[in-house]
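The block underneath contains the structure these notes are about, expressed in structure tokens.
Chain lettering (A, B and C) follows the sequence in which the chains are written, and residue indices restart at 1 in each chain.
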Amino acid sequence: MSAVPPPGLVVPDAWFVACATDELRGKPLARTIQGKPLVLFRGTKNVATALLDRCPHRNVPLSMGKVVGQQLECAYHGWKFDHSGACVTVPGLMEQDASLKSRCAEHYATRELDGFVWVYSTPNVEPKNEPFRFPHLNDAGYSTVRRQFVVEAGLHASIENTLDVPHTSFLHGGLFRTAEKKNVIDVVVRRHANHAEAEFIGEPAPRGLAGRILAPGGGVVQHFDRFFLPCIAQVEYRLGARSHLMTTTAFTPESDDFTRVYAVVTFKLPVPGWLVRPFVAPVATRIFAQDRVVLARQREQVKRFGGEKFTSTELDVLGPQVTLLLKHAANGTTPDAHEHRLQMRT
Amino acid sequence: MSAVPPPGLVVPDAWFVACATDELRGKPLARTIQGKPLVLFRGTKNVATALLDRCPHRNVPLSMGKVVGQQLECAYHGWKFDHSGACVTVPGLMEQDASLKSRCAEHYATRELDGFVWVYSTPNVEPKNEPFRFPHLNDAGYSTVRRQFVVEAGLHASIENTLDVPHTSFLHGGLFRTAEKKNVIDVVVRRHANHAEAEFIGEPAPRGLAGRILAPGGGVVQHFDRFFLPCIAQVEYRLGARSHLMTTTAFTPESDDFTRVYAVVTFKLPVPGWLVRPFVAPVATRIFAQDRVVLARQREQVKRFGGEKFTSTELDVLGPQVTLLLKHAANGTTPDAHEHRLQMRT
Amino acid sequence: MSAVPPPGLVVPDAWFVACATDELRGKPLARTIQGKPLVLFRGTKNVATALLDRCPHRNVPLSMGKVVGQQLECAYHGWKFDHSGACVTVPGLMEQDASLKSRCAEHYATRELDGFVWVYSTPNVEPKNEPFRFPHLNDAGYSTVRRQFVVEAGLHASIENTLDVPHTSFLHGGLFRTAEKKNVIDVVVRRHANHAEAEFIGEPAPRGLAGRILAPGGGVVQHFDRFFLPCIAQVEYRLGARSHLMTTTAFTPESDDFTRVYAVVTFKLPVPGWLVRPFVAPVATRIFAQDRVVLARQREQVKRFGGEKFTSTELDVLGPQVTLLLKHAANGTTPDAHEHRLQMRT
């Protein structure tokens, strides 16, 4: 494992997904969030526990160790840590003292919700807020497909890509939108304190494979793209009362160079879920693969040229809002509310 | 592709070879010159076009894209650029404006001559001079062998190596000169505003394989080594009116660490060209391979020790002149003319 | 070979092992000590010679060259260097001058002792002291096993690991000590000007395989751990007059990231050496392998977090003494003598 540089932009007091629930079993798990290497394990009562992944003694990763009786034991000298990060045993030492701060591992609050283990980004504090909840997971008639992967890109570039409409007809040409731009649609962009939203009005049902699945009869579709601080991108399509597709994606920035992506596709369709599921996964996989390539090349370029030099147009609907909201969150400030409209050929 | 650091020494207002003519066909081609990533493609009327290889929109490499109707289309959002770097189409945008500077890609002047595409090192300007011309390419009785390769070395180390006489009997021992130094020859070194030259007087015909090809009867040979700013090294041998061998090499510094080399061996010999060609290529290939190894190790050492620490003797005939001329060219100044003589055992 | 950054801590006027005697034969050998790339070869009268591995002419590694008549010849231009680093020949030059300082290669004093070639860390000076001597190599009844390997770790972390008692029951669990800590022993720690020592009093004979070999009848064992500046770690076990085991290890820091380790296990046992030797090597190999892994991960963590942040307890008996002695040696100072006692469960 190589060194992970910390990201340029760090959001404090925020929840990020550290892993899926079923990734955290009997062994310690190493994950990095915003440049911080963490070790996750199940401590007292099987509660997901997150500590800084560095033994306070000789700095080896605690994730090299093992879980013994719901405590984490370091592989080098056997120091044992409990669910709070306190060092409860130093083998061989005559007088143990679990209250010694210098022997504690930094502790990060956790929540286990919706099939994910969330970690709070500021250590050793009581969280000021709660994690984002994924919608419709258990609602009647909805099916869910989950995917996890890593992109070689920073947080805002990854989220912008997910919420960006115009690239789909080029990068994913043929999969859903086509390059011929015949329709003009209206877009309303709204920015709130902790999230931003774009509403696409008058959009025809998507063509291609995705369109045939979502809206076999065609017609106008309701389409919203949303960003929730600090790490959620959501794309929602509705076609009448019967078709509803939401892709909600949690992005966990490991560093400026790597972002772990947890995508949850939830849908209710006129056809049965078991019929649709086999088609959703390969299409999603192909789209993600194309996006991964372009994001990696973009990141490489930004490094090569020593920084971003982006020129935006009004078609960059949510990307600039994502960057603005993240910068405010990193500084602990809140932007003014905002709304504007534009037109787009699609 | 990893990040290419810019070279320590950058020559403005100068022509470098970007690629061979036959490398530039229907697809965009990525090349780096003096740390600048460029994309080459054939624009209007098939003219070779060079732009900075970064889309002004989201910074992905334009070389990821494709050529559509003599315009270059970005792979991410389909922005299209013409032969001048102007952005002629932003797909989906209601009002196009090709005159917007912020959407233009930086443009570099090109020339296509002697089988090469040359690029001017200063962007967005009218060139103040024209590229170097390769001699005798189309002259009656001359044959030509071309080779392209990349050395892990900077510009001046690569050129010094090509124009350096004393290393041949050691690094290339057996191929032409031998390590026994019996002959004393005179050398005249001349430095002009834009080039330098060494004339070797009284040199015996080279021994070994190269000697037997070039001068089967032996005798005194005329030998000149030359450097032309910013990137040409030339080695010329004459033996009477019948044997004439010129190796003219264009060096394109990608960075301090990598230099692309375009070698052109042009020769007229007492034996037919078709008889000689099969022997020239493998000998040249072996010499280049040996030089590549030593240059890579030299560059590695310079990095390891944090810089060059060279001790020269008068046998380093042209190397110091190359460095001096390049430094003047980087600063936009011109050195005084200079001439000196020395003797060398060979 | 990639660039080796110099170590953070450099000890001047000190001897380090550069190679084993039988590694230095007819070819030049490249080794790095404290960030300095050196070339070793056998010069006049076959004496081991150490020079800076950089030709003063064009900086290529002299280790690329060859030994010709007990002189080292550079591969690029054939410059020849003698046992003192003087450049005795520049091929082709009319007037040779071996006294020119600018053409000399930096020279490092050497000693060949106990099967090792030692190099003095300060160039171009007369050594102020002599190398450490390995004990009992030729004493009657003693057998010796030697091993050489490289760890991805700095000097003090490597030495601390070798002299550290508490990690053995965890990292090497099962091999000798067990994790159950039933016995309490006394430890006396003594620090002198140039070395430090820990004496373990009342230690039971080690269990497991090593114990059965060393002390088949059980009983109390004499155990000393020692560090000698700048690079020797020694572990000594005695059980009465018949069992004696010494592991003396020379550590050569190539950089902060890599340390070359020369381990010499010397032992006299109640059973014949030829019977024991087949068991010592695989056990030692397994222990070294486990230590190598943990040291590499520790080093990686220290880089990742931008520095060490160690919390010590009194069980870290010699590690802090090693660090203190090395810092004094790097500064050319001498620490006060010191002694303290402690108890340890083992």
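The rule is simple: a contact is a pair of C-beta atoms (placed from the backbone, for glycine too) under 8 Å apart; a residue touches a chain by one contact, two chains touch by 3 or more.
As the structure is a computational prediction, the values presented were derived from the model and not from experiment.
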{"item": "Turning angle required so that subunit A lies on subunit B, C-alpha fit (0 to 180°, nearest 5)", "value": "120"}
{"item": "Copy pair subunit A, subunit C: interface residue numbering same or different (half cut)", "value": "different"}
{"item": "Whole-Å gap separating subunit A and subunit C, where each centre is the average of the chain's CA atoms", "value": "48"}
{"item": "Where subunit B touches two or more other chains at once, by residue number", "value": "none"}
{"item": "Complex contacts: residues of subunit B adjacent to subunit A", "value": "1-4, 37, 54, 56-61, 64, 73-78, 90-94, 102-103"}
{"item": "Subunit B-facing residues of subunit A, complex", "value": "165-167, 169-171, 179, 181, 184, 294, 297-298, 300-305, 308-315, 343-346"}
